[in-house]
Every structure is written in C-alpha cells, then in structure tokens.
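Two complexes, one shared chain (chain A), two partners (chain B, chain C).
After this line comes the complex of A and B, so read on.
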C-alpha cells in the first residue's frame, strides 16, 4: 500500500548525502534495519521507484531516509538536488524481515558499514540508544573522508556508552591529527573491532557490493557463523 | 491519484522498449549483486545437484554429469524485486525439462535449496515447459560465484530472488513451503508483471 509522505525537513548530511525527514500519516512502524520503497510521479504521470534504508529509530515519530547521490541517478538526483520541505511523494513499507534487529533480541552485534551503508546500521544504533539498551555492539565504519562521514557527531554522543564501541577507518583522507586506521577494512581491523569469541555474535554488513563481498569473506575467515551474518548491498546502479 | 512530486521530471530512456520493463522497475545495463549472506564456495569435485522429496527415485548429478547433459543457450530478461531489470541476458544451462524428465511425482511445489542455506519455493509447473534452467554460464563465461556460480536456478518469468544462486537441490513437495525471502515479507509467487513484490501485494 502506497502512502503519501510529506517532506518535513532536509538536512545536508555529508558532501554527497542528505537526510530527508518525512511525515507519513498512519505509518505502521518499522524495525531497525528495514527499508522503504519510494515512488516519484511527474506531472505527466511518469513514475520512478527506488528503495532506501530507513535511518531513523523506530521510536522516532518521523521517518528519516539518508540518500547518497548516485552519479546520473534518476531518483537520488531529485532527492538530493530538488526536494524541499512540503514536497510530496509516495512511500511503501516497511520492507525486509532479514536485515533487522530489535534490542529485546539482545546481542552481541558486530556492525560493519561502508559509505552510506551506515544508514540502516544507524537505525540500529539509534534504536539501542532510544531503548537505553546496553547490548554489546561493536561498529566498524569505513568512509572515504571526514567530508563523506555520516552522523559523526551524533555517533560520538550515542548513549549508553557501556557496551558500545565504534571504530572508523578513512580510506582516502583522514581528519587532521588522526592516528587511527587509514585503509580499507582488513582482517586486522575485523580482529580488533570484533569479539574474541565469535560464537553467538550477529553481524550486519551494509555497503556497496564489492565492500560487502570483501567484508563477508573476512568475517567468515575470522570464524563468524555464516548463518548469523546478514548483508545488505547497493548495486552499481542504485538510481 | 498519486501526488505529483514537484520538480520531478524523470529521465526517460527512449531507446529502451518500455513494454519489456514491468511496472515499478527500471532499466539497468549493469548486473547488481544481491544476496543475504556470504558467497559460498564449494569445490566442484564436492558439488552435486539433487532432485529429492516426493519422488519415486532420487536423482543426483555430479558437476561433470551436469555438464554432459544436453544444454541450451538462451537469452532472457531478468527482473529483480529491488527494482532493476536487465534485458537480453545470455545464459547457458540445462533446462529443467531435461532434469525432470521421467520423474514421477504427485508434488505440485518445489523447494530449491542452496549452499549457504538459502531456499526458495516455486510451483512445479513454473519450472517446466521451457521456462526454467540450471544455468552455469553467463555471457559466455563460467558463472561468477557472486552471481550464483557454479550453478544457479534461472526462472526469469518470476522476480529474480526465485532464481536461486548456488543451487544444490530441488525438493519436490506436496505442500507449498515458503523459502527464505518468502518468509521474510516477500511475495510467495513473485510475478513481476503483476508486481507481486511483498506479502501485501
């Protein structure tokens, strides 16, 4: 069922990504990690649909999507360059029962994000905070540069701090004075951010396809159970 | 009437025959990868394909035996539920008509199972009549593991998640048994032309 969403707010999130906050009357609620379909309609009836992860916690009343500009993307270009508060388009969802987590399911969790693949994992981190949950969550976030990093200041303020470990790696340009990782995710990083005992750990990996393929291989090598590794990928064309 | 999205004009592609693009889909020249977990890698010498379940006699083929079966080259359009459609994809594989030839069964459903634990269900009649294959070549090359190699099911008239990657077996079942995505909110049948994406469709 398609619902009409109204853009409430638009925030520049990074050099190439924006967060769009939506009011969706009668939204049925979602689980952290799920996504929505959106449908744009031109004035002659032409339509285009794409899927976007939900970045906001289920506890938040409005729905937030973080959209990264895809070069030549039909829908992302509109959402990044054109859309403004008051505009309307349609939303359907929430969708997906696989890449989801709720704090009452417990942990530990290992989250690995590449680029805007952080969005659905951010929903999990925000949900954890909203529930005041101290479930053990380790997150490894790979981003090109500080200008591309999403939600950085909010992540630094996330609570409860107990049980939460967030590590960043910058693959192109790191912040001034940075002494942390400056390379693509590798086995050493997985070992350092992961858990000593991989048994019972649920892993969520989201990012561009080559990133996800690479990280899934590392996780399997590190002893994480393939059946508890959940992946969400962006294809080379996301629109 | 859907609301008009102010300032949205779209990027139409006049060179694409829109009658080949199902509702809600868009054309892509790429081949995006979508799977729920890690890519399994089974050595070919350990690989086999089995037909089991409600059959008088189970069938099994080794990799070499599969390759020795009569194969077909075929060109089909594929439609992923994540919205991309790719036209004129070229495959080589064995028709399910060949694999199911002589199989006696009262089953009306099939559960495909794969390395990595993935499953998906398809009505048996959708796998026959030249509409489904076990494919092992794409674009003239051995099928890439990312895209389901060594062999994947190919049922192009349904959404592409039904075309199970890393296929290892087909279980013929009397009762319909929803698979991985079918239990996770996706449509049980998945006809792209009727836009059967989710449970609610």
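After this line comes the complex of A and C, so read on.
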C-alpha cells in the first residue's frame, strides 16, 4: 500500500548524503532496521522505485531517511539535489522483519556498517538511546573520510554511554591527529570491537554488497553463529 | 558471486503487497539443498526482472518478471507462513 509523504525538512548529513524528514499521515510505526520503498512519478507517468532504510528511531514521530548520492542515479539525484520541504512523493512500508531489532529483545549486539549502511543501524542506536536501554552494543563503522561520516557528532553524544562502544575506521582520509584505524575492516578489527564470547551475540551488517560479503566471512571466522548474523546489502541498482 | 546481487530485503515491499504478509521472515526450504532460510537472507539479482537465489546453494528461489501493469512470480521450494502474521491496516 502506497501512502503520500510530505517532505518536512532536508538536512545535509555529509558531503554526499542528505537526511530527508517526512510526514506520513497514518504511518503505522516501524521497528529499527526496517526500510521503505519510495516511488517517484514524473509528469509523463514514468515511475521509479527505490528502497531506503529508515534512520530515525521508532520513537520519533516523523520518518527520516538518509540518502547517499549515487552518481547519475535518477532517484537519489532528485532526493539530494531537487527535493524541497513541501514536496510530495509516495512511500510503501515499513518493510522488513528479518533485519530488525527492538530493545525488548536484548543483546548483546554487534553492528558493522559500511558507508550509508549506517542508516538502519543508526535507527537501532537511536532506539536504544530513546529507550534508555543499557543493552550491550558494539558498533564498527567504516567510512571513507570525515567528510563522508554520517551522524558523527550525534553518535558521540548518544546516551546512555554505558554498554555502548563505537569504533570508526577511515578507509581513505582520516581526521587530523587520528590514531585509530585507517583501513578496510579486517579480522583484527572484528576481534577488537567484537565480544570475547561470540555465543548469543546478534550481528547486524549493512553496506554495499562486497563490504557485507567480506564482513560476513570475517564474523563467521571469528566464531559468530551464521544464523544470528543479519545482513542487508545495497547497490548498485541505478540509484 | 557478482557485485550486482542484493538481498531479499530489497524485494520485500513488492512481495509483501502480493502475499499480504511480511515476507522477509517467511522461511523457504530449498528444493535443491534442503536448507531453510528466511527470504530476507536470500540473494537478489537484478536484470530484466529480479531473481532471488538460495543463500546456501545458489539455486532459484523466486523469479519476478515485470510487465506494464502486471508482475509474474515463479516460486521454487516450500514456504512456511506464520498464521498470526496478519497484514497491517
């Protein structure tokens, strides 16, 4: 079922990503990790659909999507460069039950994000903070550079800090004076950010397909149970 | 394995509308290898249409073809639906 969404606000989130806040009348609510389909219809009737993860916590009344510009992508180009508050388009959702987490389900959680794959994991971190949950969560975020990093200042302020550990790795350019990781996710990083005992840990991995495949291999090698690893892959689909 | 595959989550909106239930948690038993995996864990490949493949053995799971205002879906394997998963609305 498609609903009409109205753009309430647009915020530049990084060099190439924007967060679009939407008002969706009769929105039934969502769970952290779910996504929506977006449908744009041109004046001549041509339609294009794409899926975007929901970045906002279920506790927030508006819906926030973070969209990364795909060069020449017809939908992301519109959402990044054209869309203005008051614009309308159609959304379908919330969608997905496989890649979701609620604080009631407990933890511990290991979250691994590549690029804009952070969006649905951010919904989980925001949900955890909104519920004042102390579920143990370790997050490993891979990003190209500080200019590409999403939600960095908000993540630094997330409460409660207790039980939450966030690690960043910069694959191209790191901040000045950075002494942390400056490479792609590898086994050492998984060992350092993960849990001593992988039993019972739920893992959520989201990013571009090659990133996800790589991390899934590392997690299984590190002893995490394949059935407790949830993955969401994206691109390239034409953006 | 090509870089083009996504996963079953990306087709969940369409399949959910067709099935009237949340599709990513529907467990499919593969007709080829016998493994049971949720549709959300299946791999999706996009071409003229979309093909979902078993994440374990790679055999066909769901083929989706798009016509102007119609969709054709071929299902392979056995699908287990929870009866308490009423569609929303």
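Quick notes on this structure:
Please note the rule applied: the second predicted complex is superposed on the first by the 238 of 239 C-alpha atoms of A that agree within 3 Å, B and C clash if a C-alpha of one lies under 4 Å from a C-alpha of the other, contacts with A are read in each partner's own complex, and residues count from 1 in each chain.
Simple rule for what comes next: contacts are C-beta pairs under 8 Å (C-beta built on N, C-alpha and C of every residue); 3 or more make two chains touch, one makes a residue touch a chain.
Since this is a predicted model, take the numbers as computed values, not measurements.
After superposition onto chain A, the partners chain B and chain C occupy overlapping space and clash. With both structures placed on the common chain, the touch criterion links A:96 to chain B and to chain C. In the superposed pair of complexes, A:88 makes contact with chain B only, with no contact to chain C. In the overlay built on the shared chain, the residue A:4 is in contact with chain B alone; chain C does not reach it.
Legend: residue contacts after superposition of the two complexes on their common chain; A:209 is shown touching both chain B and chain C.
When the shared chain is aligned, no partner comes close enough to touch A:177: not chain B, not chain C.
In the superposition on chain A, A:231 makes contact with both chain B and chain C.
Applying the stated contact rule after C-alpha superposition, one finds that A:28 touches chain C and leaves chain B untouched. Of the two partner chains placed by superposition, chain B and chain C are both touched by A:51. Of the two partners chain B and chain C, more residues of chain A are touched by B.
It is stretch 75-83 of chain B, out of 57-65, 75-83 or 93-101, that runs into chain C when the two complexes are superposed.
Judged by the document's definition of touching, chain A residues 1, 37, 49, 51, 95-99, 209, 213, 230-231, 233-237 lie at the interface with chain B and also at the interface with chain C. Across the interface of their complex, chain A is touched by residues 2-12, 24-26, 28-30, 32-40, 82-84, 116-117, 146, 180-181, 183-185, 198, 200 of chain B. Chain A contributes residues 1, 28, 35-37, 49, 51, 92-93, 95-99, 209-210, 213, 230-237 to its touches with chain C in the complex. Put simply, chain A touches chain B in their complex at residues 1-2, 4, 37, 39-43, 46-51, 72, 74, 78, 82-83, 87-90, 95-99, 209, 213, 216-217, 219-220, 226-227, 229-231, 233-237, 239. Residue ranges of chain C in contact with chain A, taken from their complex: 1, 3-10, 12-14, 16-17, 22, 24-25, 38-41, 46, 88-89.
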